[in-house]
């Protein structure tokens, strides 16, 4: 079997790293501050042999080929010597994973490590001898969780090794630190009471908005601020629901775990939810902050400013279209010319981000000069000149003009009337 | 005792580092340029066992827990085999220390190293064998001072090793180079004469301001510049007082030290005062510089400019509120979304600083992209677009408008009259 | 033979690096994902002895000298012991190479490595013993190609070691990843159909423009947009032609290669063409994007903006001249003062790029301060002050003024008429 | 003698480095591309014992002290066992050197290394045994020169090791690559003819300006451009004079060197002159570029722009004063608060440069936050807010206003007359 040595090398490399990490983790942390919850789970995904087509010229020279990972090319047949779970495909039971190369399914060939170091080693050696990792292997996941009692935090860790079709290996790690168990200290009880009052306020607000909708009907949906209110409400309800769900789910999982320490507790889904929930809350809070701007123009200076901003919105929007046409033209140029050489231009989105960073000055000129000695500097200088010098100045001009106009109007307008009208809005 | 090996490892690591640093310091520098003053002092702070509460689920699995350091959780009971000072809690005799994890009290379990290397080593080995550092240890301080005769500077060094509740260790060092002994060279005598004349001027200025206050009464306190004058006076008097205090204190300490080289001279408080004093002087000097602006508008161009600045202050202030609402909304979003993953967003203050740095272009986009692949770029691009393009332009528009208005007024106004009126103000 | 040891050192260094790279490449990649196509080719270029003139003072002390590489100084005589191709100059058969020191001819002394590692090693040792690399050697090229069947990409690799006249060695690598074989998967067939329809559209467009030219004659060439159309047409035709040429050429090369694996397939020229073609396509697409701006002013806001841009073009252009005079004055100053010390100022072009980067904030101040302690900071501060503060503000002023004027005109002009007129343009 | 071991360590460290550098240089480069000219010279400067005053408290504890290097503290007495030049002070024969700690005299205790490696080693060992480097040694210079025949460049190298009074050692290197021998190739002859014609033109221009001065008398000196012309003339004459001086001096030195290879050729002064000359030429060329601006307003757009620049010069200048008051206030604050901790704020000049870099975004916020956890962020945020947001906007406002005014005037003014008047100026 010709691929032995390579796989062997990869295998050792991989397991060696993993061992020094996982088990050092096991033996040093667990006794001191962090408790390893259950055992680690290892999972791989593979692709079919001949999942890609070889050009006729090379068909004689090459035995077969394995394409990049995608849903259709996935290999789900059993293989290997034994009947153990690691040689059998088990269908999706966890979340799909968005890696740096592809989006991976939740299933795969999975097995659990043992609790003792020697047993785990023996298992891994057995797998290595039987070539568990093949040329078709595209990704390997290693999942485990720890719990720190001092600060009452769970740490859910996922190590990922991706094998792209071009060869080599990409490693990445996902570490979520989440607080899943709550209501322990007095401070937590204080939080709980806050949450209850939040629930009551949400109910109140909900009925109030419902009344508004019924009375105003279609008019209600025409005002942007109302949409914002509805969104805030929706997220509040979701937050309450998730809070209850999490509390229940965690206690179930922990109880199961405490009864059988040999199992792998799937906190990953819960951690993912928690992170998603945190993100949603963050976005909502952001919107709530922005909502303050609604109430800001009680005073003439403020009204002047917010009026300017809303006045020039049309001009800004119109100009943004021109701006982004030029911006995308440059992004597309950068993508096609530097894409295959410079990492920052490897995708179209990256080009856009890179160009934003160029405007702010965070940019490595050497790389694009190395990628294309003629077009690189040309691209850089014209981009800086047009976007930084000319187009940014247009924004200034539009806002400046709008401000002058609004200021002139306000100076003429009698201020008392305005202020009162505004306050009672 | 199960924790032996870990503590052993930590201990060795720590003492080894310390030894190679402190003693190399001892043996190489002291003979050549810098004199080690007295001996080094080592001090630790601990927390109670069960200073935090464990969730009922894990109570069986975990023996006990040690919370983060805070005042209430501090352990002050004696421990260990001996009766020596290192096993007894000695109450606060030095300043509280603001570490990177918590604010530490000035007391603790402390002892002095001996002057000879072998004796110190024996002491440290004895402590290690008796587990002086426990799981509850949260911080260890190592203090010592050196004096360089060539440039007449004291160097007060504090090495800090913090053990956060999550495990691991954080090291930091605080080095203050201060000139505590003065009046040696001719240049110092020149400085002394300056200081005396400064004292006399301060007295004069003090009486003058007192007269002003008596005559003007409440009106005096309405002008901002007068407050500045008072502040300057206050700092001047404090500076003189501190100068006298320091001279007395240092000579006491040094005399004590020279009579008994086995003692630890607590220059840390003095160094801290000196640094505080320097900082205050720096801020005062800064204000004095700004005071120049008061006398600047003797000339028409200057008057035009300073008038513009004061005119647009209201608009700028009003707009700053809008700006900071948006800015804080973004900071709060960044804190909640990236806080647990990216170091630059780990606290709310850091978020604010990071965003200021983003405006200036000093920013690592990759980290926030890695933290959240969807919201990271969204956050970055909208932030740059709104804050950098739109809001900064508003500042320009406000200032531009104010300048135009003031300029127009000045062109109309007869300039002679203005200039004279201004000069005699 | 006095130069033995040095060459030996260099040689080993070079070959050792090369071996660990090339052959590790050979043995690890080829079996797994990438197929090494044929064998690697090594090529060197030399200069004459006494290709430069020595000053009379040193003629006694120095035996001879070898100038920098340029066309005239090239040494094309046979040398060495054998009759093998590596000792004979073979005239240009490949592209000239633009290295970091000079532009190198396509010919040189070249030979192929064998397919087995031992044979190659033996060959290299033989060359080393007979000093294939001499003091006159100015550049060595190592070329080889690989093919990855999984993703159907060719990878053409050129490693370059340049030996400038000042001594030392500069290494660089050129890696082109290109898709030379096409029409394998269904997606490729879809692309092929797109290409055919593109060809038809190009023909249509061609006849249309031809008709326009005949009817409008000279007038046609006065409008800039028409020139853009013609350029687009030209590039389209070139693209189609190159597409056909590549397909034919690749199949010839691959067939030849498959019949004789000992040959070196010269994919470099093809890869270079492909990259050139991609670049041209990228530029054309960029121009096509810009063409969108032609059709943008259907709406009043847009018309206002594009009118402003075209209005202030004259002012911007005029000011750009002043700007670039000052800019080039600074660039020339930087070149002459820092050129010999700081890498970023080593050529005049680099100075220009560096200054653009300074405006964006991407700049290392320390280097120019180290290069000249007086003029460095002076250069930096005046540059920032004049270019960043003063000149950039001028751009803003020009655009701001133009926008105000255009806006005022538009507010007066009846909008309906304008819109209709514009739409049917 | 107690200081032996340290000096030994330093000595070896120093000589080891030097040997591996110099002699590797000697043995590897010299045979290949670069010729070592003569031998290397080593020179040291010392200070007196008790050149600084010790505070009475420490007089008992410390034997003596050595101050920082300054002219008065220099030790010029003979010392050591032998009568050789290295133990005797030889008065200044070379340029003063501006090191990173102090300005060093040109004299010192100097000796030459031998041409053979063994002899040099023996000499150095002898010096080390007799403690040539003492506690008072403040700086050691190592000078040597090489000549590269291939590109006809001299390389004059000075390695400096400074020993500041606080202990430790600072190393720096000064490498000048200059073309001292000229007129070898045809291109050089072409340059020579250019130089001759430049000399003739200078003469012509000189007489012309002389005539102008005689006719216009005092009026002549009132116009800034005329001063520029005079400066250009002066530098031209100096350039010609230096050119002649260098040619003569170099041939003298080289001839002396060729007759006795054991001598040290002092090219350092010549290289320094050459660099100074290059710098002067660079500045002059910069001024000549700026002179183009004088002739630029032949066209209305240009006239408009240059008129705007000269119009707003007064406002800009006035505002610059306010700007720099605030700027210096911040710089002084930064210097006093962060000066002893952060390298970028260690001197007042550095503060100014650092603040300019902050405006451009090139700044490490972490360092100032680490230096002072309260005042650091405060300083940073207020600086960015005031200087970046507010003050920069003022520049824009001033320029914008001036442009609008000038533009309005030009639109009214009949353009023909203006253009003609301008052209014949």
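For clarity, chains are labelled A, B, C and D in written order, and residue numbers in each chain start from 1.
One rule holds in what follows: a residue touches a chain if its C-beta (ideal position, glycine included) is under 8 Å from a C-beta of that chain, and two chains touch if they have at least 3 such contacts.
Not measured: the values here are computed from a predicted model.
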item: Any chain that touches chain C and chain B; value: A, D
item: Type of chain A:chain B copy interface by residue overlap (half), same or different; value: different
item: Turn needed to bring chain C onto chain D - CA fit, degrees, nearest 5; value: 90
item: Far-end chain from chain C, centres as C-alpha averages; value: B
item: Between chain A and chain C, centroid-to-centroid distance (C-alpha), Å; value: 36
item: Multi-chain contact sites of chain B, meaning residues that touch two or more partners; value: 359-362, 396, 400, 404
item: Chain contact graph, described as a line, ring, star, complete graph or other shape; value: complete
item: Chain A contact footprint on chain B (complex, rising order); value: 2-3, 6, 52-55, 57-58, 60-62, 65-68, 135, 165-167, 314-315, 317-319, 321-322, 325-326, 328-330, 332-333, 335-337, 340, 358-365, 369, 372-373, 375, 377, 380-381, 384, 388-390, 393-394, 396-398, 400-401, 404
item: Chain C - residues contacting chain A, complex; value: 28-29, 31-35, 98, 147-153, 176-177, 181, 184-185, 251, 254-255, 258, 278-279, 281-283, 285-286, 289-290, 292-293, 296, 299, 301-302, 304-306, 308-309, 316, 349, 352-353, 356-357, 359-362, 392, 395-396, 399-400, 402-404, 407
item: Touching residues (chain side chain A, partner chain D) in the complex; value: 360-362, 396
